[in-house]
Amino acid sequence: MIVILKDNPDKRQLDNLIAWLESMGLGIHMSEGHSSTIMGLIGDTSTVDVDLINALDIVEAVKRVQEPYKNANRKFHPDDSVIKIADGVEIGGGNFQVIAGPCSVESEEQVCEVAMGVKAAGAGLYRGGAFKPRTSPYAFQGMREEGIKLLLEAKEKSGLPIVTEVMDISHLPLFENVDVIQVGARNMQNFELLKELGHLDKPILLKRGLSSTLQELLMSAEYIMAGGNEKVILCERGIRTFETATRNTLDLASIPLLKTMTHLPVVVDPSHATGIAHLVKPMAMAAAACGADGLMVEVHNDPARALCDGAQSLTPAAFADMMDAVNAILPHAFKR
Amino acid sequence: MIVILKDNPDKRQLDNLIAWLESMGLGIHMSEGHSSTIMGLIGDTSTVDVDLINALDIVEAVKRVQEPYKNANRKFHPDDSVIKIADGVEIGGGNFQVIAGPCSVESEEQVCEVAMGVKAAGAGLYRGGAFKPRTSPYAFQGMREEGIKLLLEAKEKSGLPIVTEVMDISHLPLFENVDVIQVGARNMQNFELLKELGHLDKPILLKRGLSSTLQELLMSAEYIMAGGNEKVILCERGIRTFETATRNTLDLASIPLLKTMTHLPVVVDPSHATGIAHLVKPMAMAAAACGADGLMVEVHNDPARALCDGAQSLTPAAFADMMDAVNAILPHAFKR
Amino acid sequence: MIVILKDNPDKRQLDNLIAWLESMGLGIHMSEGHSSTIMGLIGDTSTVDVDLINALDIVEAVKRVQEPYKNANRKFHPDDSVIKIADGVEIGGGNFQVIAGPCSVESEEQVCEVAMGVKAAGAGLYRGGAFKPRTSPYAFQGMREEGIKLLLEAKEKSGLPIVTEVMDISHLPLFENVDVIQVGARNMQNFELLKELGHLDKPILLKRGLSSTLQELLMSAEYIMAGGNEKVILCERGIRTFETATRNTLDLASIPLLKTMTHLPVVVDPSHATGIAHLVKPMAMAAAACGADGLMVEVHNDPARALCDGAQSLTPAAFADMMDAVNAILPHAFKR
Amino acid sequence: MIVILKDNPDKRQLDNLIAWLESMGLGIHMSEGHSSTIMGLIGDTSTVDVDLINALDIVEAVKRVQEPYKNANRKFHPDDSVIKIADGVEIGGGNFQVIAGPCSVESEEQVCEVAMGVKAAGAGLYRGGAFKPRTSPYAFQGMREEGIKLLLEAKEKSGLPIVTEVMDISHLPLFENVDVIQVGARNMQNFELLKELGHLDKPILLKRGLSSTLQELLMSAEYIMAGGNEKVILCERGIRTFETATRNTLDLASIPLLKTMTHLPVVVDPSHATGIAHLVKPMAMAAAACGADGLMVEVHNDPARALCDGAQSLTPAAFADMMDAVNAILPHAFKR
């Protein structure tokens, strides 16, 4: 870490700063330039609070050279992490997985039917929302505990491991038999929840927040990993920008970039990112092409009951078509 | 609500939609145009799920005429809400309040000294962070339970009611004697937490999320109010944009706009919004000028111990100077 | 177009509005709802100024059903446009073209060497900057007229048609033998320039502005097409967001979305979008996978002279590797 | 400027870099740290191209200590610039000016009537659009040359100096008697135009681009000043963000921040920034409170002819009311 000091820094403040940095076990290398003095901090600076230093009157600027994440950092774990979800179901390190299922769990019939449909088309995991974060308190909030029971039934029938979203620490006991716990975009910086998930021995699917940088995403992964749970799967699902033609802006360059920053698997959710069903297939193909480790796709089962047609959901047939297209891309996909 | 249908909508899907809307007690007024058919929905549409309708194959577009928030809506509560925080401490309806104090509670000495300082300068409420949301798991996470105890001591000594942030439902019992519970920007859409706060009889300071629209802010207030707790104070604290010269972009136009949308009080946090100490005073003045109901300002007490100098914190003397400047503006401030 | 009126609109203002709309040849269909009146405008509303109507005191909201662009609209031109650039060089309608070359033209040797290199690797067009838009007046502004001469030399030697950027109307005479004139992101809404280009019979490569919506991009294409020049190639090159890990955020979902909105070819510039050389290949592959009609890629020739190494430029060898990867994707790419 | 090198940089590339930097007259101070080497560049680095250095293989990061703008930099011109527009009309250094007038010039009657109205209410300059940048080629493009003639008539009748926007270099001869030439947000980086304006001896009102940082705004001012024209007035007019409740997001913190970065006057345009008439007054008050040197406000004259009611325009009476409110704030406004 480089700390650039202002001209003629206050002597007492500078001594305080040096003493404080040394108390953290850091070595300091001073370099006096023409119009500014530079301090080079030597040692493990990943736990140093940049904001705190930046805030000092005597500091002009702080520049990290080392990344603030350790467990998630590819520099210290050069090989891809391969996360085992169930027998024969792994993700990362060349194992590509498609997670598919309905936005919300609505009924036993629906949840089992879609599960069999997506399994037939080649999905490796089954997803469904039991707890639903909704902008409006008046909108359907999900089937909650009952929804998780239905997902577990679908798991038993289909043999597919299941992924579903947690919204609060207090609900965690319900997730005991869930295979992958999803942290939604709105909870990416719910740090108390992340800490709790760090104590589990279960894969966590961590979605990028709507206005989160990639570094913040990795710092949230770091919260989970610092607690001991290294099974984190990252998910790019679009960021909020000025463009309103799609629901969010899918940031696909984040895929190859994250793969250089971290060893964790990265999946892409083209359904939520675009909010438009006919964009799911091309974006799934693009995600596969640029090196994603998997996809998360919304599939519904009931074309007749129009109200289920999420604008962003595919029918099982459209999903199967998408799978064919993605499978044709995969052998030619980007590899680091 | 206006629903614009596509050309030649599928008859069965249209019948399904009409039946579903009527089952919610809505009247439907069909208007067949040249190239599209328009449905006008008559009745209380605040609980209708726009996304669900928008998702239908037969729907071209949906346009809300009525706002999706009710309890927070000024249309139904034309008068400003006045929220009583303690004896003699009210906010809203012409009552301007300044909430001041340190970013983090660090020690008994610090917390009490700053309290007396900001009280002397005219602050009406005292703030301090006990639970601290930090991007890094390696950064100081706050004194937590111990921090709240120190805040309560400062309350007793200074007589100022206190405001502090909650990060998880499970911590709420510790907040029994806290006067105002703050929901931070990162938790603005932690819906389970909002629901729980809706069952309390205590003022809630709800900060706008980093990438939240004003309507989403009001929908989060609606979560709290729908549970029965109408004591919600909104806080504009900057949004995330491409501009990096300030930490966030303070959206001051939101103040007069929110005041037309809702009857709830709105305060401004210039410290977090800008992240730069010398911008706090002018932005506090601007916020007062355009009709804010109050301010939330970071003040630290220890200029000698440089490390406390949050880049965004004022000394007590600078805070007193800011208060003078704001008090000179207030008699001339914008009134609806 | 749907105009939603406020309750009890002023009679005189309403009459004025109706008279004005009818004077534009529009039919009006009034539909009185419970709490609001809706006007449906029948006829060609593409030339109606939405802002003007939205601004009226009596209007609650305006909703376009019809798009404001005509010449660029796929509804009126269902087939893909195929734009002929030179003999045997077409783009669109299944013809995929790669435009490659250095950021700036620097010398005869450089410009010719790179041209031969990218031709050998399979590029169909050659690009190079003669006029360079630079944030700083102190930065290199390009070789200008001399640069265009060198590009024309490279064209003669390599046989590749050339693409280069125009920055001002007054420079247009220099572009007579340029095959494709590029409009840079900063000039996407330089409307006087667009109008002038509308009078040429030459393909125009129109780059999306840093903060432009897709609709605004199409409206700028419409400026050119309205003047009679229908040879417009659109270029997605990243938008400005809060994320700073990449220079801009490449919005790849815009590709399949634009292809539904317009019949014009769409190319992707992964070099400028990401600003990072090692992201160019995966993003080129992703762009090809989701249906782009071509790519625009920066290639430099002088690995020894380090200062030429644009952070975003590939060497000819890396470009050839990228071409192989893209060519492997193309047979499996998304088709509408 | 600080250049942080990667570990074990290629010797030849490093020598090339050093030679190149020395050829620009810069001194170099090498500081070898534990895991990285830092080069401190000594001398005038304002003309050094950061992107070019950042792009080098051997460079980890570059950090400017010195700003890239010189003429606009307050460090080198500590006193506020006071720009004389006409006899008795100055802006900056404590001189507050309000620029008011209609969005578009429409007729002689309109342009003169509004001029007399805003003069009576205390405006110091008169504005009106003759050349209008419009998103759609089908929207009204302004009265152009005829519009400028009408503005000059209004100037003669009212005695107010006039401000109007230029859209292309070729139109400049028409602006000979215009007092202040406005560069619109879309042309903030039309560098050829900026260079041309640098050769005039006439004040330039430079509006911030929709997605421009403050540093980019100052670099565009630098383009004009580098040509010799130091009479630049900056204008904050809102930036594009995800929030759609207002047309743009007015970034008022930019006012006190710009005032520390530059000596140039800064005005605020609350009309374009918000796009909502009832927000103009409170935002004008807030702008005055935080230290703006002036305002730019849209005023129309014809409340009866509803179609003129720009959503963002005030009537002359509302403008007079705004002026009273702003004048009450001014004596209490923030001063650096």
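The first chain written gets the first letter, and so on, giving A, B, C and D; residue counts start at 1 in each chain.
Here is the rule we go by: a residue touches a chain if its C-beta (ideal position, glycine included) is under 8 Å from a C-beta of that chain, and two chains touch if they have at least 3 such contacts.
Keep in mind that what you see is a predicted model, and the values were worked out from it rather than measured.
Chemist: Of the pairs B-C and B-D, which shows more C-beta pairs in contact?
Modeler: Looking at contacts between chains, B-D has the larger number.
Chemist: Where chain C and chain D touch, do the two copies share over half of their residue numbers, giving same, or under half, giving different?
Modeler: Counting shared over all numbers used gives more than one half: same.
Chemist: Using each chain's Cα centroid, which is most distant from the centroid of chain D?
Modeler: Looking at centroid distances, A is the chain farthest away.
Chemist: Please report how many Å separate the Cα centroid of chain C from that of chain D, as a whole number.
Modeler: 27
Chemist: Chain B to chain C: how many Å between their CA centres?
Modeler: Centre separation, chain B to chain C: 40 Å.
Chemist: Would you mind pulling out the distance in Å between where the CA atoms of chain B average out and where those of chain D do?
Modeler: Here the centre of chain D sits 32 Å away from the centre of chain B.
Chemist: Check each residue of chain A and list the ones that touch at least two other chains.
Modeler: 211, 240-242, 244
Chemist: Residue numbers of chain C touching chain A in their complex, please.
Modeler: 211, 213-215, 239, 241-246, 249-257, 260, 270, 273-274, 276, 278-279, 281-283, 285-291, 325, 328-329, 332-334
Chemist: Mind pulling up the chain B residues that touch chain A in the complex?
Modeler: 10, 12-13, 16-17, 20, 46-47, 49, 51-52, 54-58, 68, 133-141, 167-171, 186-187, 189-195, 209-211, 216, 219, 222-223, 226, 240, 304-307, 309-313
Chemist: Give every residue of chain C touching chain B within the complex, in rising order.
Modeler: Per the touch definition, chain C meets chain B at residues 2, 4, 27, 29, 31, 33-36, 38, 40, 42-43, 60-61, 63, 65-66, 240-242, 244.
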